[in-house]
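You will see two complexes here that share subunit A, one where it goes with subunit B and one where it goes with subunit C.
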Partner chain A sequence: MNKEILLKQGGIWAFILVELIFFTVAGNFLSTSDKSFMDFDNMLLLLKQSAPIGIIALGMTIVMINGNIDLSVGATFALSAIVLLDSMTWPFMKEMGDWSIPLAWAFALATGTVLGAINGLIVWKTGVDAFIVTLGSMLGFRGLVFMYNGEQPTSHLNWTLVDFAEAQFLGLHTATWFLLGAALLLWLLMTKTVHGRNAYAIGNNREAAVNAGIRVGPHFLINFMLIGFLASLSAVVFYSESGSVNPNDGMLYELWAITAVVLGGTKLTGGYGSIVSTLGGVIAIQLLRKGLGHIGADTETVNLVIGLILIAVLFLDKQLNRKGKEELKV
Partner chain B sequence: MAELTKQDIGRFLARQGILVAFVVFMIAFALANPRFLAVDNIFGVIRSSAILGVMALGVTFVVIGGNLDLSVGSMMSFSTIVVLDLHDKLGPTLAIPAMFAMTLALGAFIGFLVGYLKLNSLIVTLGMLSAIHGLTLTYSGGKNMDIADKEGTWFAVIGQGSIAGIPVPILLFAGLAIVLSMMLGKTPFGRKVYAVGGNGTAATFSGVPRARVVFMTYMISAFCVATAGMMQASRSLGSQNTVGQGMELEVLAAVILGGASLLGGSGTIFKTVIGVLILGFIQNGLLLVGLEFYVQYVVTWVIIILAVWLDIAAKRGRLLSPIA
Partner chain C sequence: MNTDIPALRLEGIVKTFPGVRALDGVSFTVQPGEVHALMGENGAGKSTLMKVLGGIYQPDEGQIFIAEEATVMTSPLHAKARGVVFIHQELSLADELSVAENIFLGELPRKSFGRVDWDKLFNDTNAILTTLNVGFDAQTRVGDLSIANQQMVEIARALTVDPRAVIFDEPTASLTDAEKVVLFDVIADLKSRGVGIIYISHRMEEIFKITDRISVLRDGQYRGTVKTSETDEDKVTQLMIGRSLDLSRSVSEHEVGKVALEVRGLSCGNLYNDVNFTVRRGEVVGFYGLVGAGRTEIAETIFGLRTPSTGTILLDGEEVRINSPIDAIRRGISLVPEDRKGQGLVLGMNCRDNMTLPQVDDMTAGPFVSDGAEVAIFDQYRDKLDIRTPGWRQLVGNLSGGNQQKIVIGKWLSMHPNVLIVDEPTRGIDVGSKSEIHNLIRDLAAQGYAVIVISSEMPEVLHVADRIIAMYHGRIMREFTAEEVTEDSLIQAISGIESDKVA
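Up next, the complex of A and B:
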């Protein structure tokens, strides 16, 4: 049993190791640049670039552990970004100078949390499947994004904010700190608290959880609010630096996040998954992206490779499970 | 003859809610703008919904069979790019069958993974969404595709022409809808699709070849996608390689709006067509009333949730869910 858990949770890190070795060796022959792939700065940059999808993927993990899914995170991401940048141009915010920054962040984060709460409440109260609810709100929230500012991009550069976003503390970029911090907090939440334990129980067997006296609805709501919050946190981290958001930004982010989560071994059916493995999944994808670029492959092949790896992981996972079950029977 | 109680009426509204909503919307828009019900406007709406509609027909089979298909969007980009590329290399008469063969091969691959290897359809088609997107980009070298001689090719007829006053895309959509509706409703194969989606285990024990049926639903979906790609290519005679991006979820929205359950086993082609038309007419109606195109997203959101909610509320006999 322990061996199986090790095999599953270790799988993604072994995969990352294989990627690192492969791209380093292949890079020696194929790369056009003199820099080695394992260059320290390159790795730091990789962590920073993983942050936007990574933070969303953390939230996707806890929602999927519950047996739900959230397809609306891309639109939540975009709407929070618009609120962040636009709120800094409001007259009373302008008068506050740099003090408007924490307030703008709060507005953006509140936006995401409220959108998440809307999803959570609908799933809870109507009993409609989360896939359908969030498929609908993916369209609906995107509509709100467009209604806010039409088809125009929303831009506002605040240099204090840009400096903050580009800063490095102990070598790590601001975005990386947010990714690691969020991962740590969620890991604590899912492994050390009652909410975390109940969330696993609900995903594993909803009937049994209800019979054990666990209230399903509030846990759904909390997790949807958390993923909304994280989607807006991701937007806050990313757009503090870039300072301009298009109404189409964040499209297909939900699919990237789900891919990372599934690569990390979290089950779509719920009840099984880990925050740490999702972090591995996120890094593995970003590594692949960077590595293929490093050895001179077209960036276009990245999509092809990631898609096929996702299917291969699913296939291997199935084989592993089947073996486990057969052993159990004997 | 039992008396019609208030409850019966409520149940009828909930069951046929989608048709009722459709009629209400049509009347409201017609009152708001008389141009809405003009023949050329109606033709225009159906014509522009036809590509999404054709894809939705195929996805209906997959969903009734109890699976999902998220790869139709990037598959449509693929077939559009391929047929445009081959048009200049082989000529249209050879390009179309060649493109159909390649798209069907992709469908067969997905069908094999989901049907015979029994892998989770959501993740498989999510992976294929990404993989086919990469394939398309690699195939086209990241460039847009254009037909060299746009004036002199008969290929344009498929997307732009009309026969007896009716645009060809509408004829294709309607024709395919009728054929597939017969297939689903009147043939043993159609019954097997419902059986597999309704209760896969029971179907297997009754001797229904589950794997083969699921495989076939993905082949039908791929065939529809290829048709949609051909229509798209012919309509614009040139295309970006991301033309179908995001359509997978719009298609799914139309299918769900039509009342197919994501758990499988229910839904019809006719209802899917209604779902597609509702999306199309809402979009058009809101534009005619003078609202921006993106207002339809919000309206679609509300309608999808309400439609599904009322449907399951009618089944369980109470409005709010029993979730504590």
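Up next, the complex of A and C:
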């Protein structure tokens, strides 16, 4: 039993280890810079850069464990970013000085949560598949983004905010702290609380969950609100520093998040998955990007390689799991 | 076909998995035109043996002979090409496709440019269906067929080759008694064509009705082959489990209490009509009838999964409205559903979490679920129900059917229900566990629970119920007490023959 868990959940960390070794060795021969890949600052930066997709991927994990999916997170991310930056330019907010910052954050986070609630309510009340519902809301929310400011970027730079976002506490960047904090809270939620337990049960066998008297809809709603909240949290963390959002920002984020989640071993069909493994999946992808860049590959090559590796890893996972199952049946 | 040459012969098959010797020198022979039962408790190695036969596993030692020709099986498709065909317990059909497409799946007759030759397809299919004497045709959508007829499609699929041996794995698990008769006719027909048949089943009465010889496996070892006509149930049971079973009815000695559940004039669309009955504390009421008679639908209504069109449900004499399983559970009604894996258990979760699923809300310490409280509940019901599992961390999907069923029952007992409804309590459960589940149900009644048992197996209702309600086409035909019921009268009642005409 323990061996089984180790095999399933340890895989992604073993993969990360392989990546680290490969890029360190390959970097010695191929890298144009004389800095080593495993440089400590480089690794800290890697964690920070993982944060935006990572925070969304954590939310995607709980939605997918629940047996749903959310394709609208990229658009939610962009819309929350616009609310964050634009709200600080509103006259009454300007008068508040730096006190407008927490309020702007609250506006942004509320935006994501409300958008998530819309998804959740539709899935709950109509019974339409989450894939379809959020495909629709992805287009709809992106439409809202363009209605806000047309093709123009929305910009507002607040230096207090930038300082906060760039700060390092105990060596880790603000964004990293948000990523790790969110991961810890969600891990507790999914492994220790009734909501988490029921979410797994619903994802694994919805009918049995209903027969056990579990109300499926409210759990869906909570998880969609959480992923909406996390998508806006991701925007808050990222745009506090950058200060400018393009209407196309966040596109394909939903797919990157799903990639990380799946790489971490969470099942597309629901009922199985782990927050910690998703964190591993996020880091593994970021390592690949950075590592391939380190040995001189361009962006196009990076995407090609990540795509191939995703398929290869899942194929390997399937082979390993099948083998495990045969032995268990005896 | 020459009857001297065995259709299929296994010799000294050994298959080991890490830590387990799943098959330990299994040999037996199936003659053409013979129905050969393969029996054994769950875990005795029947499934492994079938997988070896189908080429899913390769044996470590031993050989398979088809018509005395040594054969290495590489896949079920390969086995089929060699004339060995499997009819599985779980059907694998494409619901949206026609009967014909399912039967010739992967081998559709073609015309030029890869077009399907529909005329040939439907004609060939209808030719096979005619020999099976079924009431549907080649163009019927499979999803519209009953389970029994879907099984006929599987059998028809087997007949597209000229089979030497057909293996039936628990073919009657989801069939009613009437449907079984049709299946047995088909098996008799195959037999007369000189096909060797391996018949895997837990059901003694079937085995003794249709088989010629019985081979028994226990713990992966071959325990011998006996002629069906020269043995009896006790002897076979002893071979299977090494002890004999008492299957006689245990008469309840306890007092029957107040009425716990009463149903008055309950109807639900065209599923069932004007249903009236009561269940007292300390009593087991059996619902017997054909599949589709409305038994499960009544249970689902009482459990809040269906809304009745008319009628009332009374609990302890008080009229109640039950709109959802949540209402039902709150009022102390529990349902052990007929499809254990699909409706009763979360297979990917461990034993403990499955057992505490309906009440985990009430087991929190602060924001978190209390591990200790959960383990305490699990331990209590593991001991009480004698659930055999290495520990609570074991995934429920890895347990045997009998232990899985006990987890579902334990789940509800731990909620202290007033009314316990058990739908097909022993479907797909081996002989040993079956009587355990039956005794458990009797015990629960003795402890004062009001129990409803829905079953398609006559011996089961006869064995376990104090009163039996016979249903036919959504109506209650007759109610019997355990003392007055006879097999004949019960069969007549569920076949729609009015009781006054019987007498």
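Note that in this section the second predicted complex is superposed on the first by the 328 of 330 C-alpha atoms of A that agree within 3 Å, B and C clash if a C-alpha of one lies under 4 Å from a C-alpha of the other, contacts with A are read in each partner's own complex, and residues count from 1 in each chain.
One rule holds in what follows: a contact is a pair of C-beta atoms (placed from the backbone, for glycine too) under 8 Å apart; a residue touches a chain by one contact, two chains touch by 3 or more.
Computed from a predicted model, the values in this text were never measured in an experiment.
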| item | value |
| --- | --- |
| Clash or fit, subunit B versus subunit C on superposed subunit A | clash |
| First (subunit B), second (subunit C), both or neither touched by A:A208 | second |
| Contacts of A:G217 with subunit B and subunit C, given as first, second, both or neither | first |
| Subunit B versus subunit C as contact partner of A:P102, first or second or both or neither | neither |
| Contact breadth on subunit A, by residue count: subunit C or subunit B | B |
| First (subunit B), second (subunit C), both or neither touched by A:N198 | second |
| Subunit B versus subunit C as contact partner of A:G296, first or second or both or neither | neither |
| Touching partner for A:G181 - first (subunit B), second (subunit C), both, neither | neither |
| Touching both subunit C and subunit B, counted on subunit A across the two superposed complexes | 210, 215 |
| Residues of subunit A defined as touching subunit B within the complex | 71, 122, 124-129, 131-133, 135-144, 146-147, 150, 210, 215-217, 220, 251-252, 255, 258-259, 262, 268, 298, 300-311, 314-315, 318 |
| Subunit A partner contacts - residues on subunit B that touch it in the complex | 70, 113, 117-120, 122-124, 126-135, 137-138, 142, 245-246, 249-250, 252-253, 256, 262, 292, 294-302, 304-305, 308-309, 312-313, 316, 320-324 |
| Subunit C residues within the subunit A interface of the complex | 17-18, 20, 22, 47-48, 303, 305, 324-326, 328-330, 335, 337, 342-349, 353, 357-358, 360-361, 364, 367-369, 390-391, 393-394, 398, 411 |
| Of all residues in subunit A, those that touch subunit C in their complex | 1, 188, 192-194, 197-198, 200-201, 204-205, 207-215, 271-272, 326-330 |
